[in-house]
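What follows is a group of structures, each given as structure tokens.
Two complexes, one shared chain (chain A), two partners (chain B, chain C).
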Partner chain A sequence: MTNTTERRTPSYRMAIFFYAFMTVLVLLYSLPSIGVLLASLKSTAEISEVGVWTLPRSFDLTNYSEAWNGGSAGLYIRNSFFVTLPATILSISLGVLAGYTLCKLPFRGSNALFVFFVAGLFFPPQIALIPLFRLFNDLGLYDTLWALILIHVAFGIPICTLIMKNFFSAVPTAIREAGIIDGANEWQILTKLMLPLSLPALAVLATLQFTWIWNDFLWPVILIRSNEMRTVMVGLASMKGQYSVAYGVQSAMAVYASIPTLLVFVFFQRYFIRGLTFGSVKG
Partner chain B sequence: MSIKKLLLVLALLLVGVTVVAAQQEVSIVHYYSSDLGSATMAKLFDGFTAANPDMKVVDNSAGHEDFKTQILVTIAGNNPPDLFSYWAGARTQFIVEADRLMPLTDFWSDNDLDSIIPAGVKPASIYNGDVYNIPMNVHIVGFFYNPKVMAAAGVTSMPTTWDEFLAACEAIKASGVAPIALGSMNRWPAQYWLDYTVSRTAGPEFRQQLMAGEVAYNSPEVATALEAWKQLVDAGYFVADANAYDWTDAADQVANGEAAMTLMGTWITGYWDGNGLKPIDDYDFFPFPAINPDVPMVVHGSVDGWAVPASAANPDGAKALIMHMLSPDAQATWAVGQGALAAVSNVDPSIYSPVMKKAADYLGSVAFLSGYDLSTTPPMADAGLNMFAQFMNDPSGYMAYLDEVEVVAVDVFKK
Partner chain C sequence: MVKTRYRWIVLFLTPPLLIYLFFVVFPLLSSFYYSFTDWNGFAVDYNQIGFANFEKLFRDPLFGKALTNTVLWTVAAIVIPTGIGLTLALALHGRNFIGNLYKSLFYLPISLALAVIGQIWLWIYQPDWGLINTFVRAIGHPEWSTAWLAKPQYALLGVIIAWAWQQIALSMVIFLAGLTAIPQELIEAAEIDGANYWQRVRHVIIPLLAPASVVVIALAVINSLKSFDVLYVMTKGGPFHSSDNLAMFMYNESFQKYNMGYGSAIAVVLFMITLAVIVVYFRQSANAEHLYD
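So, the complex of A and B:
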């Protein structure tokens, strides 16, 4: 009983300590973003004179307009969307189908198949650089966004299958049986019963996949040659010359590039933590 | 549709196709991806297509770090561009060894490039006896200094010998300013100290042997070179914590008067000019002083050039484009736009700022050798660059560092 009393009157001091500690952590974690924001409002000359960590002398959006016009941020962001949205949707859809089948409709060898799917997670993409380059080259997909979409769907299937299978295994099989008794077919059970219950898992996957694909750098560097097909992360890196710096404009571009992932996270945030634990502890 | 009409349509289509095909494409990939770099490149391509209306340049650029991976994959994957920018030195050597580059020896002699490319720069083009890399611009490394800080310390004539250099450092230190700034956070800026201390004490020939793995890192010659470098660190002539700064920070320290000079490439002038500094008034140049007066002087730096892949689809177009870029006008446009030295000797010298003019004159007077990371193989360079960072952190253990690097060298060069 003493325990519950203590819990009802939490130590005021502990709370202060907790919030102070959290404030410090928040500051620490947001320092890089603050640095980028400050740099994006300064010219290179100002940065070289006073450094990044001072307030800008004037509220100057030159870097932002330069990144948008000279740096073609708009084009790059559009390309990134053209890759990220279809790849996210496709990889999650395939993951849902594979996860559902492996979990609720097991067949001989389905466990081995599951291991096969998940093994993709342990496969470093770098070892496939040259074979995949040649493949897409022969398919005529080199230097197109299709190549990136295919790659990200393929590399997204393992994690999507893993999380969806684990999530479905937490959903009572009785629900499926009830559906069958009421005359639903497998497709209706999946779309009408299972998917509405799996919103947290879908939100997690959508956030993770979107962020990963959006931030991917390796594949667009390898599979894209022309400036018109660049994704935003490659565009961001190419603003810096061999011996020249573009701190301000690059920071502005980085701010543009982070807005979509930020929005996705804010939108799915309330599902995110719940879904993460769902996927990870149930096995 | 009658057969006649069909044939007519086919004939028209064929004509259409040949008209389109008559305009050849020259595809190029380069690492001049910054705003200024890509804009200046585009200017050169416009000049080329104006002079050759039947050619079309397909211009692609990539950030230079990404470029390193991208170009190797496209070459290995058999879909290379017709030409690409590349660093002369060990990187070009690597692709030459893999038999993936087209020899340009005949191209060189047919166009008499000996008459326009300085003899000192020519060795950077030659690999296994053939020409594989045509230079586009040259950067050289030397001391860039703040004349006001030097004047305040009473250093009026720039040192040409090691003793004069030490005396100048002492005077600057006495005036309360750090003599030498170095930003070795990304390791490579420190490499020029090894380049110069080795080639100024043991000589350029020994230095080249060291790069090729023919002499040992823990040999007495390299130890002597590091002794000279260590002497400066021990005397407190370097700004403290060099590894905490980038080269632009070191440039800022010189510009702001916190340090007197920095050993850096001519690209630093582009950075300073962009920040509104004025050549001669705000910054100036002097070459690395002699240490051992008996060895020949060389200048270190980097050459950016052009290479043509062995499987290029349109090598003639690539060669025509290279010749256009070596024309005096194109070279002048490029050198000014890049803050670099032109690769050819027939550009109008008035394009250079007075400081760049000094650098150009120095390049014309001595032999040229690429910097460390472009002179030795990438795995060797990686171990060496780590050692320089370690050295700047604590130079006292330099002999142990050299022993460690030699272990890597034995492995890399299969000694």
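So, the complex of A and C:
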């Protein structure tokens, strides 16, 4: 890799110019994120006086405590975890079942069934909004976190099936055959032989699903009404009423809402990126 | 033996298939059914009204506006993130640790929620101390400052830029993966033949990036059709419906005005557009497949 760098930037001066230019670009690109951090450390008075784009006069965490105590950040974050964790685990489990069966136990029509599963990836969820609104009302699950869990499990099946099937197709079929010779049934083969090998794929899916479900906004807007059931994204959007000009408190809430996915991003970036780039490179 | 095999297939496939059918496929198709009714979201009774919703839809100027904006959004989604994402990927591909740090900083918006991104960008456009107005005042043109999102001519563009901020990062990630997959010998061969950097990019790298480009463009199109969060947070489709897209228009009709039958007709139109996109996508990705064979 280093020799390509040298070739592309023939002189020392070119390299300096390149990095200076990229630094400016990165800074510009990061300005929105920097702004929200600055605003979260400033009082409303300070913002109205000097605006957001200066360094705060003091390191003041009042906005964070206000967002936590007055803005119920704790409640919203708890709700988000209550939806995201089970939905992530369940959608991956179902994807493992479907992906394994469609890959290692092929039958007449299994390819068509795979396409049928994956097709769900393409359709905007808005198309199913009204029927699902009605369905959850009829089931008595409107305004409960269960509705959100069910939705995310169901809408996660396409991507989980796709990635798991693709992963299992790289696992030698001989492993399954060896298991059968040893007298294992399909469940034992899947859980004892295949799953330990699938940890990278499971990590990819866990990071993707966690991030998407945590960040979802549409479904809680449609299916949740009461403040006690709000997830953190809807909680953030609904703050504008109570804290209409308290930009600092809103910023603190935005930071709270982003911390879990940012942590996933920082610690599992490799898996996250692998999931995002899935399908763009052959093999 | 064969019998137990089928028993396992049924056992393993039933849970995912049932949940998928019940909560995804069946609701998706039910939208067609509701689009022929005048259901208001609450009443037990409603009427079958044939194609009345669709007739109303195609005469509704708000639908025309939302459809135009959706198309504009999709075109912008194909052009902006793809172009900038590709440029950034070419600039940062194969760099040292500083390059990797920059890559991570460019990736960052991907992990942010669009609801958060909308919130952040509200403050870029904020009239009093927003970044843009602060900037134009700083360069001595206070008369250029305005309430950007309150102006019908800027609102949609403002939201699309905020959305593209994240989409650029996504495109860049995918192009970087595509660049890594290009065999180094091909680029070196072009170099030995005397091709300069631009010629190599134009005639070797970009054609070989075709599989990644298909994915980038498909994702951009699908994400633009789905886009709702950022619009909801920033303008709610306003002012005066100037930034409505189909998803927002459908939300307003269904969940603000409770015209669920009418809203379902909008959903059906969205379904048809998506279907057209899928057909094109599978054709293109089938073409791109031949590249490495």
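What we mean here is this: the second predicted complex is superposed on the first by the 230 of 283 C-alpha atoms of A that agree within 3 Å, B and C clash if a C-alpha of one lies under 4 Å from a C-alpha of the other, contacts with A are read in each partner's own complex, and residues count from 1 in each chain.
Operating definition for what follows: a residue touches a chain if its C-beta (ideal position, glycine included) is under 8 Å from a C-beta of that chain, and two chains touch if they have at least 3 such contacts.
Computed from a predicted structure; not experimentally measured.
Engineer: After the superposition on A, what does A:Ser11 contact: first (chain B), second (chain C), both or neither?
Structural biologist: In the superposed model, A:Ser11 contacts neither chain B nor chain C.
Engineer: Just chain B (first), just chain C (second), both, or neither: which does A:Ala45 touch?
Structural biologist: first
Engineer: Name the contact category of A:Ile157: first (chain B only), second (chain C only), both, or neither.
Structural biologist: After superposition on chain A, A:Ile157 lies in contact with chain C alone.
Engineer: With both complexes overlaid on chain A, does A:Phe117 touch chain B (first), chain C (second), both or neither?
Structural biologist: second
Engineer: Looking at the overlay, what does A:Arg225 touch: chain B (first), chain C (second), both, or neither?
Structural biologist: first
Engineer: If we overlay the two complexes on their shared chain A, which of chain B and chain C does A:Asn69 touch? Say first, second, both or neither.
Structural biologist: neither
Engineer: Let me test your reading of the model: by the given contact rule, A:Val36 touches which partner, first (chain B), second (chain C), both or neither?
Structural biologist: Only chain C; A:Val36 stays clear of chain B.
Engineer: Touch test for A:Thr191: chain B only (first), chain C only (second), both, or neither?
Structural biologist: Touch status of A:Thr191: no partner.
Engineer: Which partner, chain B or chain C, touches the larger number of chain A residues?
Structural biologist: Comparing touch counts on chain A for chain B and chain C gives C.
Engineer: Using the superposition on chain A described above, determine whether A:Tyr100 touches chain B (first), chain C (second), both, or neither.
Structural biologist: After superposing on A, A:Tyr100 lies in contact with chain C but is clear of chain B.
Engineer: Enumerate the residues of chain A that count as touching chain B in its complex and touching chain C in the other.
Structural biologist: After superposing on chain A, chain A residues 48, 129-130, 133-134, 217, 221-222, 234, 237 contact both chain B and chain C.
Engineer: If you look only at chain C, which of its residues touch chain A in the complex?
Structural biologist: 4-6, 8-9, 12-13, 15-17, 19-20, 22-28, 30-31, 34, 41, 91-92, 94-96, 98-99, 102, 104-117, 119-121, 123-124, 128-129, 131, 134, 165, 170, 173-174, 176-178, 180-181, 184, 191, 197, 211-212, 215-216, 222, 225-226, 228-229, 232-233, 246-247, 250-251, 254-255, 260, 263-264, 267-268, 270-271, 274, 277-278, 281, 289, 291-292
Engineer: Which residues, counting only chain B, touch chain A once they are in their complex?
Structural biologist: Interface residues on chain B, with respect to chain A: 29, 31-37, 58-66, 69-70, 73-74, 76-79, 81, 139, 248, 251-252, 255-256, 265, 267-268, 270-271, 274-276, 304, 339.
Engineer: So in the complex, the part of chain A that touches chain C is made up of which residues?
Structural biologist: 1-2, 4-5, 7-8, 18-19, 22-23, 26, 29-33, 35-36, 39, 47-48, 50-53, 94-95, 97-98, 100-102, 105, 107, 113, 117, 119-120, 122-135, 150-151, 153-155, 157-158, 161, 185-187, 190, 211, 214-218, 221-222, 233-234, 236-237, 247, 250, 254, 257-258, 261-262, 264-265, 269, 272-273, 276-277, 279-282
Engineer: So in the complex, the part of chain A that touches chain B is made up of which residues?
Structural biologist: Residue list for chain A touching chain B: 44-45, 48-49, 66, 70-71, 129-130, 133-134, 137, 142, 217, 221-222, 225-227, 234, 237-246, 249.
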